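Chain IDs A, B, C, D and E follow the sequence of writing; residue 1 opens each chain.
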Amino acid sequence: MVETKTAETLLEVDGIETCYGLSQVLFGLSLQIRSGEMVALMGRNGMGKTTTIRSIMGLTPARSGAIRFAGEAVRGLASYKIAKLGIGLVPEGRQIFPNLTVRENLIAASGNRFGASDPWTIDKIHALFPRLAERTGNMGVTLSGGEQQMLAIGRALMTNPKLLILDEATEGLAPLIRDEIWSCLSMLKGRGQSVLVIDKNVGNLARIADRHYIIERGKAVWSGTSEQLIAEPELQHKYLGI
Amino acid sequence: MMPKLNASNSVVALLCAALVLLPVYSAVTGNIFILTLFTRIVIFALAAASLNLIMGYGGMMSFGHAAYLGIGGYAVGILATEGIGSGFIQWPVALAVSALFALVIGALSLRTRGVYFIMITLAFAQMAYYITSGLSRYGGDDGLTVYKRSDFAGLIDLSNRTQFYYLCLACLFGGLYLIWRIVNSRFGLVVQGVRSNEQRMQAIGFHANRYRLVCFVIAGTICGLAGALLANNTDFVSPAVMYWTRSGDLMVMVILGGMGSLFGPVIGAIVYLLLEELLSQVTEYSGLILGPVLLLIVLFARGGIMGLLGRMRRA
Amino acid sequence: MYLVVEQLLNGLQFGLLLFLLAAGLTLVFGIMDFVNLAHGSLYMMGAYFAATFVAWTGSFVLGALMALGATLLLGIALEYAALRHLYGRDHLDQVLATFGLILFFNDAVRLIWGPAGLALPLPVWLTVPVQIIPGVYYPAYRLMIIVVALAVAALLYLVVMRTRVGMLIRAGASNREMIGALGINIKLLFTLVFGLGAALAGLAGLMQAPILTVQIGMGENILILAFVIIVIGGIGSIRGAFMAAVFVGIIDTMGRAFLPDLLRKVLSGAAASTAAPALSSMLIYLLMAIILVLRPEGLFPAAKR
Amino acid sequence: ADSVKIGFVSTFSGPTAVIGNDMRNSFELALDHLGRKIDGKPVEVIYEDDQQKPDVGKQKTEKLVQSDKVDFIVGYIWSNVLLASLKTAVDSKTFLISANAGPSQLAGELCSPYVFSTSWQNDQTPQAVGTYMNQKGVKSVFLIGPNYAAGKDMLAGVKSTFKGEVVGEEYTVWPSQLDFSAELTKAKNSKAESIFVFYPGAAGVQFLNQYAQAGIKQQIPLYTAFTIDELSLPLQKDNALGVPGAQQWVNDLPNEENKKFVADYRKKYPGLRPTFYGAQSYDAANLINSAVVAVKGDLTKKDAMKAEMEKVNFKSVRGPFKYGNNHIPVQNFYLQDVVKDADGQLSLKTVATIVKDDQDRFHDKCAMK
Amino acid sequence: MAEPLLRVDNLVRRYGGITATDNLSMEVVPGELHAIIGPNGAGKTTLISQLTGQVMPNSGTIRFAGRDVTGLPSYKRSRLGLARSFQITSLLKDFSAIDNVALAAQAHDGHSFRFWGNARKERRLRDAARAALERVGLGKRADVLVSQLSHGEQRELELAVALATKPQLLLLDEPMAGLGVTESARMVALLKELRKEVTIVLVEHDMEAVFALADRITVLVYGRVIACDVPDAIRKHEEVKRAYLGEQHAVTRHG
């Protein structure tokens, strides 16, 4: 896959270190995402993928290092300001609002800050996940696990972000829906959407992501294109255990 | 596990020593009042510790805990009025009635959770308040004077200030020891597990409410003991000790000292009641100081005073 | 029969007054999930501000408006300076902190205004009894309370349940982190909502001042009542709070009105005359206990709206 | 001892601090009038706040007795606080002078050589109101009061003297009831000729507001006890106009001591007017003075002091009174009414003497040792 | 075929207008690993919850080990030998990993009204807990607070807790969800071992795992059983392909 649109860097993470209380989790992690690019973070459980994303979003602020998004230094900013710059997050563990209905969950998130020409609407989300249309008046807490996951994805899309971050977004989804999501991501990428994705399905990632980072103990230990990843099975074995 | 020598443990050790030696100080300096004052504080500390058992460890936020102070007290007071002066009858009755009350209240209240639980326990305590207010034979809301303190057949003389103080202190330490054992026992772990995640505990085979209820009854009984002590200390018992503001005071002591830590409520009771006493000497507007102090403690000392001490070691 | 109707009306009116008192708390406690014991203090401040400003300006309406503004600002200041740090925290931390505020406000008021309390006289046009149905007179001011309470109820319901802002508030109460990650400045939003809650408390305080009192500690009894109502109605449900307030108002009034006579028919005279007052004192608590035993999440659990 | 130490227990925090403050003001004024010396010895007063809680009151009393070793304890607004504290004082043989609270136990079985009252027994005032209503020829009454001990005493007091018919009796929740419309509606519909209420403090303001706003004021006259005084009047305003009550002391009683007391009080505390609470405290100071003077400052002569106090050898601002066997005053009760004075201010005015030398009805239960 | 260990007859559970479990009947025989698959919202979790007693059915019966357990509360069923893991992690967050598991062992032991001895010093409970932790690969993380474990580790702990109650029937609700590739593989290996000891009902969307493990598969759609058969038959089942698998998985084959 050739980088056709070698656009400017959208997100740049440079040597960040992050702690939970006294225990340090990230040790000088760096990564970049260019506009229109789809990047995957890979690594075993507990290596710091989610923490990386929490640091980018300002949810667990990085103690040092630099994070630039859309040309602005965002490390230390309140998370809502970072989100407003155009990051949409599908967090680990869904985190939908249990006391809002499905519809309200979507409306609460809706916004089109950057004037996307073809913004996401509730109808489009419903078309993507017909299941949500059936549950539109139900409280979030009553949804099944997979339905909650769909809602979390829909909610992130409703913000019409510049960068979409998916942390294990296909967890708990039925194979059909999972395929649906992957093709949806391909479609989005086709429209120039930048995406940062964490998923355990290396096969699918290698198929549609442009570049990959492998994270090991709080550091990015490898990065490269899908071709490089596929070409190095021992790499997969060493870091991902495949 | 050897207790580590850190700020909170040192404070607790010093505190216990001071409590034990207080009568000596009082005798040497001739300051009787400090003994009187601390007798009351020790009694409230016992009540707060019992509240901590359900609130801190069991996650049951009872807003009606002062009811047991009243119930224990009225058991002593009513029996005394009816001519039964023996502590060997009064006190077991006080404990039994408190336990029974806790059992009934608990069984009904434990259907609810969270703030609903707070409010339903409040409701029951208020009912107890209004019922005792209506007991005109026993003074109604004017209260009931206990003419003679409980009689323990010469074993101990409750009218003797020092002896009574040591009795209270023994009850406090005994209560704390009991709570400590309970908290670390199988039963205690279940109760704390239920606080943390009831659904999970049910799923692995614990009947959550049964444990909660037993815990609730134990705490109520301990607080009933504090009530019996309080009635003897005040020589008086009135519905006012059951009013919701008193339950609030107990809660404040527990949270202030540090919920879910063994000695937290003791420290909370001491600090709160001493502050109240001292500030009222200095100014009539003690709330202007006490209020912000409480606020600051919440803001800057998570886990109350014990939490603060716990962190000092690391800092 | 007339008597029953009139007592019903009293009960309804009392219920609406209760709703007015509980309205601000529904917002802050029910929706934002912040246990604010100082709500009663804000309510007291509203009454004191109103009494002061009305005396200054000589106009009830103008003074009341100024008092509203003042409690709004006070609420915002409180939230900004201290309470905002307590949102995600344990309910009990909130209890302790706001209990501290009660102590503070009571003494602050005593220092500033003295212990005696203030009077907030009504303008003449509100003092006249109005004939609502032939033979039944009703104080004009109480009618005004009914109107204001209904307006507040409607407004609150619309804002919280029907607008996006309302959704954001509810969402923020359940998961602050996530709402921030959606790009919403939840701090600011909560500050404003808290301020609104404070203003509603102030409104309740100033509205009741002419019929009740302007006194130190006036908020504390109200506070318990307001919590009772919210809990009976189901935490987080505005409709529930409204229904519960009316329900409690009517039951309480009817209980006081007819219970003694009823008991007298069943019990001996002496027993009845001791039981009746004790029972009517407990009525509200008894009601709450029964409701919670039967429906542990109140009458209208918010999740099942 | 080279000074006279007095402990003063009252409520100085919360809304009822307004009463405590008035008692303190009057006590201070009395000391001023005594030149701040008793029998040539300086007086030291320690004020303690009981927070209106019995156990706190008890603790403060203990502090005064044990730590400050006072010679006299004065004060006590509330019956339950007094009852909780009584034993401490009596056991330590410290003189206690109740400057307000007058529960029946104090007059009856709990009477003690060391305890005196400068106020009254609770029932006396409403009994006087009942008597007054008889005098006015009132045929029927509807009683309303708060549901606590004093409230019940008050209604019982009226009933014990009132000869007409009691058509209804309502007790309201104390202290939390806000709204009296149910009771007012009942009273109105009972066709009673009059209403009697007892609502001290803020509740009195509240009740009068609602009584007036419901339009019942024009229909049924109201009689009160302890509902209207100089503290509540500024809040009750015109609502209190024309509503009678009974009291053993009214600010315009025409004796010299009283004139001096009232005038100097208003001078010393501008904007405030003395109340009966204050008058009782003022008397308490003078009672103490008489006792200390009689033993020439030898405060160990308790019996002699007791004997002296029993004689009431001082000039009370309520005019002359005697002590009964139980150390409760035997005294007159006056009808007071609210009127507008010359400068348009509302004030209380003595209208008539309802009863003379009234003695409480519990004195024969007292077996004074 | 052996006498079923679990037998569900005509189970119905409605939520308002939704019928989450629609007249469902099924059997689980001792020793088998029975997978339940189906689209999101098909009612799999609801079914598990009814089996273990978190949710009560509107009608129908559940028999376990020859006993009607339909009305029993969850804690009693657990004592009979039914254990579950939760799809949405449900652990004691402020307890250490080993405490979580030790409590489960204690539940199995059955004596919890003991007020005196220090439960954390009871060797038997601790050893049992440690063994369960080792088994799921969390041996080194025993003393870490649950709230400090990563998502994947918490998923593993879920299983350890269920194991520690020594169940006869283990109901696992998406145990692979949230696990990385390595951990998933490890989990599959673990389940392969476990199935020799205990009967397992497995709800899972990871088809590779399901086809690798299951003896029989029940497919739910809209609360109804549309198929129940051995894996190979399910793989080829047209309706299942259409409703759930899609084409891709129908053809993949793993050992």
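Methods note: contacts are C-beta pairs under 8 Å (C-beta built on N, C-alpha and C of every residue); 3 or more make two chains touch, one makes a residue touch a chain.
All of these numbers come straight from a predicted model, not from anything done at the bench.
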Which chains are in contact with both chain B and chain D? C
Chain B reached from chain A - shortest hop count over touching chains: 2
Relative to chain E, largest Cα-centroid distance belongs to chain D
Averaging C-alpha coordinates per chain, one finds the centres of chain D and chain E separated by a number of Å equal to 74
Counting in whole Å, what is the centre-to-centre distance of chain A and chain C, each centre being its mean C-alpha position? 45
Which integer distance in Å separates the CA centroid of chain C from that of chain D? 35
Multi-chain contact sites of chain D, meaning residues that touch two or more partners: 13, 17, 147
Where in chain C do residues touch at least two different other chains? 106-107, 110, 224, 277-278, 281
Can you list every residue of chain A that touches 2 or more other chains, as numbers and ranges? none
Taking all chains into account, which pairs touch? A-C, A-E, B-C, B-D, B-E, C-D
Chain E-touching residues of chain A, taken from the complex the two chains share: 20, 23, 43-46, 50, 92-94, 131, 135, 142-147, 149-150, 168, 171-179, 200, 202, 240-242
Contact residues on chain B for chain C in the complex? 55, 61, 108-109, 111-116, 119-120, 122-124, 126-127, 130-131, 133-134, 136, 244-245, 248, 251-252, 255-256, 259, 285-288, 290-295, 297-299, 302
Touching residues of chain E toward chain B in the complex: what are they? 52-54, 73-76, 78-79, 83-84, 86, 90-95, 99, 102-104, 106-108, 111-120, 122, 161-162, 164-165
Seen from chain A, its contact residues with chain C in the complex are 57, 59, 78-81, 83-84, 89, 91, 95, 97-100, 104-105, 107-111, 113, 139, 141, 155, 159
In their shared complex, chain B is touched by residues of chain D numbered 12-13, 17, 48-49, 53-55, 58-59, 62-63, 66-67, 79-80, 83-84, 86-88, 103, 105, 110, 147-150, 152
